[in-house]
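Each in structure tokens, the structures are laid out below.
Look at the two complexes coming up: chain A is in both, with chain B in one and chain C in the other.
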Partner chain A sequence: MDSTGHSRVTAGVTRHTSWFMIALLASLLVATAAPAYTVYVTNEKDGTVSIIDSAKLEVVRTVKVGQRPRGITLTKDHRWLLICASDDNAVLVYDARTMELVKSLPSGQDPELFILHPAGKLLYIANEEDNLVTVVDIEKDSVLAEIPVGVEPEGMGISPDGKVLVTTSETTNMAHFIDTATNTTIDNVLVDSRPRFAEFNADGSQVWVSAEIGGTVTVIDAKTRAVITKIAFKIPGMPLDAIQPVGVRITKDGKRAFVALGPSNRVAVIDTATFKVEKYLLVGQRVWQLAFTPDEKLLFTTNGSSNDVSVIDVEKLRVVRSIKVGRYPWGVVVAPF
Partner chain B sequence: MGRRRGAILIKSEENNVAHSNAAVGLFAAGIIACVAPIAHAADAANPDWPCIQRKVATLTSVQMWDGPAVDDLSQWSDNEETRKLVAVLVSRRVPLEQAATSIAQFAAAQPQDKRDESLKNLFAGLLSTVNTDRATVMSGLERFQRRQKARAAEIERQDGVLRQLKERAAADEKARAELAAAEDRHNWDIRVFTERQQSLPLACEVPVVIEQRLFELGREIRSHMSE
Partner chain C sequence: MGRKSTTQPDRRHFCGGLAYLFPAAAVVLLTGAASALGQAPATPASQSGQTRAAPAGQIRRIAIVLARELRDLPPPLSPLDVRPPDDGVAGARLAINDNNTTGRFLGQEFTLAIVQSSNSAELVADTKKQVDAGASFIVADASAQTLLALSDAMKGRDALILNAGASDDRLREQDCRPNMVHTAPSRSMLADGLAQYLRWKRWQRWFLVYGTEPDDKAFADALRRSATRFGLKIVEERQFSEDVGGRAEGGHEQIQEQIPAFTQRASAYDVLMVADESSRFGEYFPYRTFDPRPVAGTQGLVATSWHPALEQWGATQIQNRFRRLANRPMESLDYDAWVAVRAIGEAATRSKTTAPADLIAYLKSPTFELAAFKGRKLSFRDWDGQLRQPILIGTAKLPVSVSPQAGFLHQFTELDTLGFDKPETNCRAYAP
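Up next, the complex of A and B:
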């Protein structure tokens, strides 16, 4: 190769490199605009998990998992995905990146929802049939304790410091406060009919408990266990029995709460300073659970009857997309990768 | 809760079917045991409603979209173009993509200042027609359930007759002959009952599918509205 040819090649390579740099910069800019997170959705009827790319807002993979998958969470190190396979009576552990089955954890009968201790090692599982909360060490795969609670436990919340666990019982209509050091109940708070979900705010001062049949969310002072307020929902023209609060999520700054309202097909946006509903957003049919992206720019909702996931722009309070997933989408969790 | 109770009922029926060839007598007992839960599976306000899904008699516009309330509008039926499109959209044989295209064409053909109004009327027509169709499907399901209850009662009655015939059969030749025929009839009725019962979950999905389609179409119509 002569020197001219060489320089032409060099020029070509340089040009190629600069295009590559531009493309890289562009992709970085795009990435800054919309970080790509991985969203996992359990499809109760299909026995699958739909995996959504939060930048593309489309399903990139569907993986067969256990029977009747419902509750889903990610370990604190983001390595494992934990799924309640209710009809398999097990909690299945998957590698969150490859979706290979790692192991199956003992879970007790019919696990529906669970919550991880902030330290990341202990998993608290609600066993609806046995009226128990099972405490499992997810590294040693062993059951450490079984805590008797009210009839049909379901919702599970844990304080940010991990000291207090709250479980709700569907039939007893109570939120049970449990000391995680002794695994004993320290208090019971009566809420409205069929409580479904318990969520602590980020500073740990309040617990929000939704009641599906009661149609309310009870806000409880986490320290005194006194009821601060009960939030009711009114949508003009909507039959009251269609308003069934289930999933609750509160922003990290504690300013806004989002409540999934079941067959009213809406998510309520609540100003936490006044406990007033700012807005009702129409999502999909029978909206059930909610999950933020780590930057809290987007909120994903599972819509059990329309078999889709709605994506809410948290700042603009607008539904920006609906994404078809499997049948009866139930739980949702977002990984920071 | 209700959903799970319903699921158990279906499961126990499936189990009964699985064992039916092995032990018809046991199976019949199982069927009879199922009769009571059938009668009580529905909520008190709708004793003949056989589905796990809660009965919602009428779909309202506020549940189906975030546009204006259209529940009491009837002008849509005066407009031929709207009426024709409603007939196309409600047909479940028309794929949703095709329905979406028809809606887009309809929207594009409307003058800008009348578009929202026309689309609102289109949804009013759709909601009203779907509610009528859905009511027919739901009353069909209730009719089905009443017939199943009657079959279950008949099977229970036959069971009593069979027991008496079996007691008499050892000593009575006529009873023996009657017993064989009665058993045939009994087994046949159980088979019919079971097959019908197995088709129920699928039939119960029909109102759900209708509702899903209406929601999708509402979303599509709404996307062409400016307000």
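Up next, the complex of A and C:
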């Protein structure tokens, strides 16, 4: 814009000024259209968190955290950032704004992923090596229960009313439905090989479970636990076994689901009414986890093999940027500030 | 990792000394119940957190036998390569635990009986007794000859042999059997995996050195076949029949003279390929060749089904789990035994049956797939019962690559670029 403006100086000062004003207005409009959120990305191999400004779309800070950080989430009050430091066997609690270490929570062996109860106090942690889900009170720092599940639990989803927890076990190949009032398993649904992620839709009627090696996403009726459908993927020119679904996110209006497809380097966009894939978006290499900005305008993806994060414009269904982060980016969460 | 030469062919070697540890045939029974209990944490929380399983009395048992032939072989050149006494066994035990953790949600229980002997006929007879008593799955770590005897002894029964220890191609080719599948990769798969990597590196001129044992010659044959398949050239071949005197009690002087002398005046080559399955001399080649060349094959850069330092594809989890169980790193034989026992468990979970004939049919069917920490689903080939799987290429400390390499294409699955493919097979007896 600048160079164009300057070349027009000879054509008259007024014209130049008006161009300048338009440019200024336009940039202001862009700025208001993209509020600045804070995006946190765990880098598994570096033991760091990259902090991205969602307006600038660049890394503004890198913070050293524990060993092998993977799962990451924010408390409901957005005060604390919780990180699974898998090789430290701890969940680390950071002040989300200052990134100062507040405390470390008891987590059980090898915590990989976790989910907070909607009420905000209870944290459910998948202990991959112990075949357990550990229930931790994040205020009192105490372990309330350990729930035995299948081999290598990882995916964690919780119903919007907080009554049902779903954990997926990667080697047992089941989605375990757990009653959070009694901490007991109420049902076990067999899914395809190596289930890695469980996501409830906003109205709580369905649970979407991805199977990495099976190459599918199973949609389960949350009430009856019957399988509604199994979504398979096909990308021209891509070997089927490179299509490995991991992270799943569903928009708040329940209309669209985004599925990260691992080493196929694609994110699938699914129409939830028909369960059909609308589009495959090309992102970085080995895409695993996904997170929306609070306004759901942008979706961030962690690309483990290319050490970057892709930014998807959710409305236009276009990849708008890739941002270099640390080595083996794994988890991602976005704060509303 | 201790054992550098984790190639499948090399395994036989590591059975050495076991005969002394277990002088007579022995049967050990690990009940699934005990293993399953060991898996569940004994905390009040877990007791209240009972999982919903099939009601008592509906627990159905799947009995698995691990048949080990204890072989007396010379000690390896390196004391670091002494085989752990529970090689393979620990892998099978880990898989039994995994199966039972899953099984308790479905009312299925898996048991593992270990039958071992240095006498082939005795091993077959003892295994047969287990099958008579209700076992339908035999995971075997035995020689090709013993495997064939086992297969004959199981004729007409609803029993399946899962070969986890023998890489002999003949078991997948002319001597294939309808009642035998193979979780151990064949020599040709290992050689193809290595050849694809060397082709990718453009180390295309090979100097082949092989030993005097039949297994060495078999691995040399596999390398020759791979070279032809992937457009590599064997420019020189020599048989190593010199006596290197076993472990040289720390004396390096003779070896330092002997290996350069043996390898000099070779046609121009890129890589020295060594075929020494029982590790009698191959370990002496790296850094001692006349020309400065890398060494690959059964020593140096090797092809294996597993590497104790693999961390990709969630492998860290199974490595840690294994170490906690066995107090040592996981080796290829452990992995192949783990895969065999897990394959039975997976078939039971998916087919929701414990009837042996149905389970076996499911395991061999194209529907069957197994996630096994190699980034792809594994399944059994329907022409020879071989498990299709990626092959790891590595040195002692780390994996270097994983084959199939990019660019080696196949109309159905790239995994079938490794080993004898359907159009090439000479197997007639196998039926899925």
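Descriptive notes on the structure:
As a convention for this text, the second predicted complex is superposed on the first by the 306 of 337 C-alpha atoms of A that agree within 3 Å, B and C clash if a C-alpha of one lies under 4 Å from a C-alpha of the other, contacts with A are read in each partner's own complex, and residues count from 1 in each chain.
Please note the rule applied: contacts are C-beta pairs under 8 Å (C-beta built on N, C-alpha and C of every residue); 3 or more make two chains touch, one makes a residue touch a chain.
Model, not experiment: these values are computed from the prediction.
Superposition note: with chain A as the common reference, chain B and chain C are in steric clash.
Judged by the touch definition given at the top, the superposed model places A:G284 against chain B, while chain C stays out of reach. Look at A:E170: by the touch rule set out above, it reaches both chain B and chain C. Within the superposed three-chain arrangement, the count of touched residues of chain A is higher for C, of the candidates chain B and chain C.
In the superposition on chain A, A:T216 makes contact with neither chain B nor chain C. By the touch criterion defined above, A:G237 lies against chain B but remains apart from chain C after alignment on the C-alpha atoms of chain A.
In the superposed model, A:S305 makes contact with chain B only, not with chain C.
Of the two partner chains placed by the overlay, only chain B lies in contact with A:S264; chain C stays clear of it. In the superposition on chain A, A:S322 contacts chain B only, with no contact to chain C. By the document's definition of touching, neither partner reaches A:N43: not chain B, not chain C. In the superposition on chain A, A:N201 contacts neither chain B nor chain C.
Clashing C-alpha atoms between chain B and chain C appear in just one of the listed stretches 55-63, 109-117 or 217-225, and that stretch is 55-63.
Overlaid on A, the two complexes show chain B and chain C touching the same residues of chain A, namely 152, 170-171, 194, 239, 263. Residue ranges on chain B touching chain A, taken from their complex, read 1, 56, 60-66, 69, 71, 208, 211-212, 215-216, 219. Of all the residues in chain A, the ones that touch chain C in their complex are 110, 128-132, 135, 143-152, 169-174, 176, 182-188, 190, 193-194, 212-215, 239, 241, 244, 263.
Residues of chain C that touch chain A in their complex: 39-41, 43, 45-46, 48-52, 98, 101-102, 105-106, 314, 317, 320-321, 324, 342, 346, 349-350, 369-371, 375-377, 413-414.
Interface residues of chain A, counted against chain B in their complex, comprise 152, 170-171, 194, 235-239, 242, 263-265, 282, 284-285, 305-307, 322.
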